[in-house]
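As C-alpha cells, here come the structures.
Next come two complexes, and both contain chain A; in the first it sits with chain B, in the second with chain C.
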Partner chain A sequence: MEPQLQGQVIRQLFFLIGATSVNSILLRKDLCSCRKGMLSSPHQNTPRHREILCFLVEMAAQPSDTLATLKTESETLKTKLEEERAKLHDVELHQVAEKIEALGQFVMKTRRALKGHGNKVLCLDWCKDKRRIVSSSQDGKVIVWDAFTTNKEHAVTMPCTWVMACAYAPSGCAVACGGLDNKCSVYPLSLDKNENLAAKKKSVAMHTNYLSACCFTNSDMQILTSSGDGTCALWDVESGQMLQSFHGHAADVLCLDLAPSETGNTFVSGGCDKKSCVWDMRTGQCVQSFETHESDINSVRYYPSGDAFASGSDDATCRLYDLRADREVAIYSKESIIFGASSVDFSLSGRLLFGGYNDYTINVWDVLKGTRVSILFGHENRVSTLRVSPDGTAFCSGSWDHTLRIWA
Partner chain B sequence: MTVRSDRDHGQRYRPRMSCLKKVEATVVQMQDPSTGVKGANQKLNVTTIPHAITGQDIVAWITKNMNMDNDEAQAFGTMLVAFGYIYPLQDHKKLVLRPDGSLYRFQTPYFWPVQKWKAEDTDYAIYLAKRNIRKKGVLDAYEQEEYNKLHKWMNHKWDFIVMQAKEQYHAGKARQKADRVVFDCKERAYWIVHRPPPQTHSAMDYGLDRHIDPNAEEKKTYDYYRRINIYTQQAIMRSRVKSSVSLGALVKYMTTFKNHDPFLVPCLPSNPWQTDDDSYWELNKPDVEIPTKMRVERWSFSFYELLNDPRGRADFKIFLKKEFSGENLAFWEAAEELKWGTAASMSEKVEHIFKTFLAPGAPRWINIDGRTMGLTVKGLEHPHRYVLDAAQTHIFMLMKKDTFYRYLKSPVYKEIQKKAISPAPHDFSEAQLQQNMRNRRPSINPIITWQKEQEEKAKAAAAAGPVDIKKLMASKLDRK
Partner chain C sequence: MSGSSNIVAMKKIVQQLRFEANINRVKVSQAAADLQQFCIQNALQDPLLTGVSSSTNPFRTQKVCSFL
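Moving on, here comes the complex of A and B:
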C-alpha cells in the first residue's frame, strides 16, 4: 500500500478507536450525566461534547503539530484579536467627554480617624447599614467599628498574622477574614459584647497559599476568594465545599470584585501576572482578559453599572476597561505620580475614581476627562485599602500607619 | 563570603521597585551643581558639613522643576527621605521632610536602595560592632537589643564580624575628621532606612513576598499554546459593541446619577459625616413609611435600581398585588434564593419552587413559553443551583420590559411620588455642629434588623401560601 494511504488508514483507525472510547466514557453513568452517547444522538450537542469531537478530529487530521507552528498560530490569532477590537473603536473617551461640563473644586476632609489597630491596616469593608466597617491588620486583629461614633463593636484575634482580606456579610451578621493561614474563616457576630467570637468560627475556604481577597456574594451563604496560589474559588459557607474554581492566572491573584449587574454572574480578578480577567461564575471560564498594565495589579473595582471596571497597579497608573467594547479606554496617570496605586474605588455615579497610593496620598480622578481633581494628604504611611460607603456619602481609607480615615 | 539567599525580598522578581529608577533620575538632577538644589556649608557641633541643604529649598526646587503644588512637593520630598536618598542631619530617626530650615544631605549612591543587593544582617552586625568598638554604650536601646540577638544567631562567625569591624574602624580613623563625620552620618542614615527603629517605619518595607515569581516563564508546552489558541479564538468570536455606544452608555449613567452622588451634589438634608446628624440615614431606612423624593426618582432609572432598594421592591409588590401578577416577582425572588443559598437546602427549595410555580395547576403558576418550561422541568430532574437560570432570565426580562413601565405609569407610583418628602437642607451653626459631634447617636445593630426582617418574611410567606382547606375547616369545626 502507498504510504499516503497507509497514513490515512491509520488516522481513520485512530479516530474510530478514540471516538468509540469517548463514547463509552460518556455512557458510563458515574462519569457523565448524559444518558446517550455522542455518536448515537444528535441532541447531545453540548459544548463539552463538541469540544471532545473537535479535539479528536483535529488529532486525527494533524498528527504532527510542532511547537513552532502553534506558536506562530497563537501570534497570528493575537494580532487578529487586536484587529477585531480595533475595528469597532470609533471614538476615544476624551472625545465623548468634551460635551460634559468639568467638575468644580472639591473640599474633602478627614471626618473621622479610627485608631485602635496596633499594626498596619491591610483591608477594610463597609456594612450595608452604611456606617459600620470591618478592618483587618498585620498583627492578626480584625475589628468591627461603628465608624459614625468611632466605637469599636467587636474585635477578633486571628491565629495568623497578615490578615489581608476581610469582608462584611450582606446581612450584617457575620464577617469573613483570612490571610497567611491560607484559609478564609467566617465569624458570626453576636449582640453580646463579651462573647468570644472565635468560638463560633467557621473555616470555609482552603487554599494552598495566602488569601489575598475575599468577598460575599449576594447572600451570606457563599464566598468568593482569591489566593496567592494563582486561583480564585467560590465556596459554600455552611458546608465549606468548593462550588467552583477559577484557573487562569499565571501568578498570585491579588484582588477581586463582584459585578453589580442584575444578572450578577461575573466577577473580575487582577494578579501579579499583570492580567485582569473577567470570569463567569457558573462555568468557571475566563470570559475576557486584559493585559495592558506594566506591573502587578493591586486592586480592581467595577464601575457602578457593571459595564466597565478600573484597576490600580504598581506601575503608578489606574486604568479603565470597557467590557462591552472589550478594550482599555482610559489611563489615569501623571508624571509626578511615581509610586504604585494600592487600592481604587468609584463614587456612586462613577464620575470620580479614588485611588490610594504607596506615597501616602489619595488621588481623586475625573473618570471622563482623565484629569486629577484633587489630592488628599493625611496618612503617614502607604494607603493600603480604600472603599466608598454603600450610599456614596463618604469613603474610608486604611493605611500602614495603623489608622483608618473617613473622608467626606 | 556570604552565600546570598534566593529570596532577596522581591527585588529581583519584578519591577516592584521600578518606581525608584524615576526617583533616582530626579535625585541626580537635584544634585546638579548649576540647576540643582543650592547647598551651603553648615556648622554642626565642631565640624563643618559641606553641601547641606535646607528643607524649604528642597520643596521649592521640586515645586518648580516637577510642576507640583507645595503640598505635593512636600509629600514627594518625604518619599525621598523615607527611601534614604536624602537624609536629615537633625532628628535623624524621623524620616520626614520638614519644609523649614532643617538640614538635609544627599546620600551617596553607594547607599541608595538599589535593586541588586539587600542589606544583610552580617553587614548590620559589623556596623553595630564597629560603633561599639569606637565607644562603648553609644548604641541605642533597640540597637543594643539587635546587637545581642545577632550575637546569638551569628555566634559561629562572630570572630569574622569583629575582625571586619576593627578593620573598618581603623580604615575610618585614617581619614580626615570631616570626611569621617560625613561618612558616619551617611552610614547611620542608611541603617535607619533599612533597620528602622521601633515605632517608626521605613519605605523599604513593602509587605509580603509574592508567592509565584512571574518572571519565571510559564513552560511553553503544547498544552499551553493550545489553551491560548482556543481562548483567543473564542475571544475573536465574542460579540463586541462600538466604542461610541458603550462609552455613550457610561456617560449616560454618570449624568443620570449625577444628582444622587453625594460627592457631586450635596445630599439632603445633610451628609451625616460632615454635620454629625444622621437624619439622612433615618429618612432612607429600608423599611421607612414615606421615602424621599430622590429615592423615588432613583427607582425610575432602571428596573435593577427598583428591585435593589427594599422600599422600592415593597412598592412594586403593592402594584403587582393590585394587578394580580405577583407570582412573577415571587418566582424571581425564589430563584435568587436558590442561586445564592446553601448547597444543603437546594433540593427542598427546588421542590417547593416546582410545586408552587412550575407544576401544571400550581397555585402561583408562572406564564413562560413552552420551550423554556420544558427545559426547566427537564433540568429539575438533576437540580443544581443554576437550573432555573433560563426561566428566571425570561421572567426578569418580562418584568423589565413590560411590568416595570406599567408600574411607572400606574397610580401606585404616582401616589408615592406625591407623598414623597423632600427634606430641607440643614443649616447648622458652629455651636450646633459642636453639639452634634457630642451627641452622635449609635444605630440599631444590623443583627437585630436582620432578625426582624426574617420574621417579617416568614409571616408574609405564611400568609401568601396556599390555604389548607382541611385545617381551616377543622379549626372551624373545633370551635363548635
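Moving on, here comes the complex of A and C:
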C-alpha cells in the first residue's frame, strides 16, 4: 500500500478509536452527566469535554491536507495525460488525406417530407428494414412512418411532453421512447391497427431526471439509456432491472451511441460537462474520455469501423476523435457557422459526416479532408435530429418545424 | 463528513486519471491511415457517396408514364 494511503488509514483508525472511546466515556453515568454520546449531540462546555473535543478536532483536521495532495496529484496526472497524447501527434488527418481525390459536387434534395407531428420533432430512428422510421416530438406523440410511402403506420401518445428519445428495436417489433417522464417505455408494435398500443406499454428504465437518449443493444432484450441526472444505464427489458450503471459525467448526459457490433461492448456518451466518455458495458468503467469541446455535446456517433467517433456541440463545431490514438484528430468548423450542431451521423463508408445545425441547415463534411462538401437548405426551423438509413441510401432529418425530411 | 466524501470523489478522479494515462496509444499517422483505408475500401458501397440512379434508389421519385 502506498505511504500516503497508509498514513490516511492510520489517521482514520486513530479517529475511530478516539471517537468511540470518548463516546463510551461520555455515556458512562459516573463520569459524565450528559445522557447522549458526543457524536450525536452538542454537549456541555466543561473543561474535560473541551480537551477531548480539541484532541478529536486535531485528528479530524489531518485528512484535509490529503485532499490538497490528491488535488495536486490529479493536476499532475492530467498534464501527464496531455503529454502522452501529444507525443503521438505526429501528423494531422487532413495532411494524410491530401493524396486522395477531392469529392465532387453533391446534389442532395429532399425526396420525402413526413408531415404529421403537431410540434417540434425531437428524435428519430430508422428500423433495420431500411424503410420504417420512428420519430418523437414535443407534443408527446411518437409516430412510426413508412418512409417510402410517407404513410403513418402507428401513433402513440405518451403521457408526458418533450419525448426526447426514441429508438427502434432491432427486430422491428417494438419502439422505446422517453423524455420528461424520467422513464424509458417500450411499446410492442402490433400489426393490428385498431389495437391500443398504449395498453401494452412496459416501463423499463427509471432515472431521477429527464431521459435524453435511448438505444437498444444488439437484441430487443437490453436497452441503454442516458439521462439528465448525469448517468447512463443498461436495463433488461423483460424485468426492468438495471444491469449496469455508468457514473462519471459531471452534468447532464445528452447523447449516446453504441459501438458497431464487430468491435465489442463499448459505447460513447456526451454531456453538458463538455466531455465525451467511452464506457465498457460489462464493467461500467470509463475507459477513455475527451474534453476538447467548448460547450455542451449534443450528439455523438461512432465511425463505421468503430475506431473513432464524431461529436457535435453547441460550440458550432463537430470533432472527430480517434480511439486508438486517444485524441481529437479533426475539427469540422467554419467561421461562418456560429450555431451549434445538434446532431451528427456518418455515411456508410465514413467519408461523409452530416451535421444538423441550429441555423436550420445541414452541413455535409468530408471527414478525411476536413472541408465542407455541401450545405443543404430546406428546414424552416432548427434541425434537431439526423440519422442515415441502415443501408446508406438516404438520411432523414427531423426539425423544430414539425416535419421530417428524407434526403437522397 | 463532507470532507471525507470530497476525498472519496477526488480519489476516484485520481484513480480514473491513472487508468487513462496508462492505456496503449497508437500514433496519429497510423490511426489516420487506417481511417483513410476504411473509407477507400467502403467507398463503392456507399450510396450517398457514389450516387445511385433513380431506378435503384427507392427514395428518388420515379416519373412513370403509362398508357391506359
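Remarks
As a convention for this text, the second predicted complex is superposed on the first by the 341 of 408 C-alpha atoms of A that agree within 3 Å, B and C clash if a C-alpha of one lies under 4 Å from a C-alpha of the other, contacts with A are read in each partner's own complex, and residues count from 1 in each chain.
Here is the rule we use: a residue touches a chain if its C-beta (ideal position, glycine included) is under 8 Å from a C-beta of that chain, and two chains touch if they have at least 3 such contacts.
In this text the structure is predicted, and so the values were computed from the model without any measurement.
In the model built by aligning both structures on chain A, chain B clashes with chain C. Touch criterion met: A:222 reaches chain B, while chain C stays clear of it. When both complexes are overlaid on chain A, the residue A:88 reaches chain B and chain C alike. Of the two partner chains placed around the shared chain by superposition, chain B and chain C are both touched by A:329.
Contact with neither chain B nor chain C is seen for A:291 once the two complexes are overlaid on the shared chain.
By the document's definition of touching, both partners, chain B and chain C, reach A:307. Of the two partner chains placed by superposition, chain B and chain C are both touched by A:391. Contacts of A:191 after superposition on the shared chain: chain B is touched, whereas chain C is not.
A simple residue count on chain A separates chain B from chain C, and the partner touching more is B. Common to the chain B and chain C interfaces on chain A are residues 67, 70-71, 73-74, 77-78, 80-81, 84-85, 88-93, 96-97, 100, 103, 108, 111-112, 131, 148, 286, 288, 303-305, 307-308, 322, 324-327, 329, 347-352, 367-368, 391-394, 406, 408. Against chain C, in their complex, chain A makes its touches with residues 60, 63-64, 66-67, 70-71, 73-74, 77-78, 80-81, 84-85, 88-93, 96-97, 100, 103, 107-108, 111-112, 131, 147-148, 248, 285-289, 303-305, 307-308, 322, 324-327, 329, 347-352, 367-368, 388, 391-395, 406, 408. For chain B in complex with chain A, the touching residues are 14-16, 18-19, 22-23, 66-69, 71-72, 75-76, 78-79, 201, 205, 208, 210-214, 218, 220-222, 225-226, 228-229, 231-233, 235-236, 238, 240-251, 253-258, 260-264, 267, 271-274, 278, 280-281, 284, 303-304, 307, 336-337, 339-344, 382, 385-386, 389, 393, 396, 440-443, 445-450. Of all residues in chain A, only 33, 65, 67, 70-71, 73-74, 77-78, 80-81, 84-85, 88-93, 96-97, 100, 103, 106, 108, 111-112, 127-132, 146, 148-149, 151, 162, 164, 171-173, 180, 189-191, 209-210, 217-219, 221-222, 228-230, 236-239, 241, 243, 250-252, 261-263, 272-274, 282, 286, 288, 294-296, 303-305, 307-308, 314-316, 322-327, 329, 335-336, 338-340, 347-352, 358-361, 367-368, 375, 377, 381, 391-394, 400-401, 406, 408 touch chain B in the complex they form.
Remark: chain C residues 1, 3-4, 6-7, 10-11, 13-14, 16-21, 23, 25-36, 38-43, 45-49, 51-52, 57-61 touch chain A in the complex.
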